[in-house]
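Each chain gets a letter, A, B and C, in the order it is written, and its residues are counted from 1.
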Amino acid sequence: MSWITPKKAIMVAASAEGGTKLNAFDNALLKMGIGNVNLVKLSSVIPAHIEWIEKMPEVPIGMLLPTVYAHIESDEPGSTISAALGVGISEDNNGGLIYEYSGYCTKEEAIEMVKKMVEEGFRVRGWKLKEFKVVVSEITVKDKPAAALAAVVMLPY
Amino acid sequence: MSWITPKKAIMVAASAEGGTKLNAFDNALLKMGIGNVNLVKLSSVIPAHIEWIEKMPEVPIGMLLPTVYAHIESDEPGSTISAALGVGISEDNNGGLIYEYSGYCTKEEAIEMVKKMVEEGFRVRGWKLKEFKVVVSEITVKDKPAAALAAVVMLPY
Amino acid sequence: MSWITPKKAIMVAASAEGGTKLNAFDNALLKMGIGNVNLVKLSSVIPAHIEWIEKMPEVPIGMLLPTVYAHIESDEPGSTISAALGVGISEDNNGGLIYEYSGYCTKEEAIEMVKKMVEEGFRVRGWKLKEFKVVVSEITVKDKPAAALAAVVMLPY
């Protein structure tokens, strides 16, 4: 088990409303299955040979999990907000890159932004992009504060 | 000993002035007993069965401590700023939630905000709120930059 | 090996352009030798008896490294931006302090700011400042987004 170089990762995204912006953020985390853990924010590199999982495992309440996330909250009725993470995986799974974007935009625009960033990140490193993956969430604000989140959660085991 | 799921926690708050906003922040940390450690910012869940302590233990200079904190700095004379953390503990101490608020407001307003957030957090989880605790600090800016902080510091042992 | 109280540290700084602000940030990290790790942001205290190194060691891709950093990004042509970290070392290497500054300013102005902050930090603690070190980067924006970064990266071994 190693907190220092994570072994597994999962991509999740959700949007939600709440009584406050922070509660909307919290409610989105709950939908993503990570509302009862502590996120430790990371910059954005995927360890080599990480195993991608599909379902968030059971972990202790309050466990510290290294996480790359993009988020945006708004309480402006009629606004559409989106958060996206673009993940580029290198050949032979020798590491990868994560880029984040969030803003007052549609999910298609957010995806476009992270795709462009992943491509530049690979180009400047001279890495070959084997696979591009994206998680994105979008919500149009109504009468309550809303949040859009996207995350890559890393697990030490 | 585990950095991954903290074992103890302490609630602290203070306000201070300083030569710059960052020094005011630093001076408040010193008053709180955490000026000589490295805070690693967390999102906001309390592990199950955590032990709450009253006094910050002696720890090595520069130790990394997972911490939830709210802070605000200002250099606008006459302004009142406050930072609060609201902590909700569940029945049987099976986990808890921390919500933060900081802004140009009184400490009573900051407490009101975090109380409302904690109540919503418990309601959406279907958890029963056994105890609500709060730490808050407030300061009215005079002629020097000032900071208000509130923190829940977690300890691995 | 200890993630909890780092053993070594290195000071690095760089500026870069990129296709987006985040790519500019990423390109500066690459120049600093830390583009392929995960930075975990710290507040700003140097453990006692830390060993300062000059060259970033080889570490696994995606390793989590506790890092104090200052950064600024801009896409306003003609603007000069700078990021600096000032490091104060105490007598006998019994700990130190790091203060950050970034803004629309020259590197000389950024250095001036962090020097002032380090001096106040030592004065309020009653510590004796043995040595002041600084890392700084500066860039004037042309036709592409640009970033200036300065970092103290800590290593667990």
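General observations
Rule of thumb we're sticking to: a residue touches a chain if its C-beta (ideal position, glycine included) is under 8 Å from a C-beta of that chain, and two chains touch if they have at least 3 such contacts.
Just so you know, these numbers come straight off a predicted model, no measurement behind them.
The touch graph of these protein chains is complete, with an edge between every pair of chains.
The rotation relating subunit A to subunit C, fitted on Cα atoms, comes to 120°, given as a multiple of 5. Between subunit B and subunit C, the centres computed from C-alpha atoms are 25 Å apart. The multi-chain contact residues of subunit A, meaning those touching 2 or more other chains, are 3, 40-41. For subunit C in complex with subunit A, the residues that touch the partner chain are 3, 18-20, 22-23, 26-27, 29-30, 35-41, 60-64, 156.
Residues 3-6, 40-48, 50, 66, 68, 94-95, 99-101, 113, 116-117, 120-121, 124-125 of subunit C are the ones that touch subunit B when the two sit in their complex.
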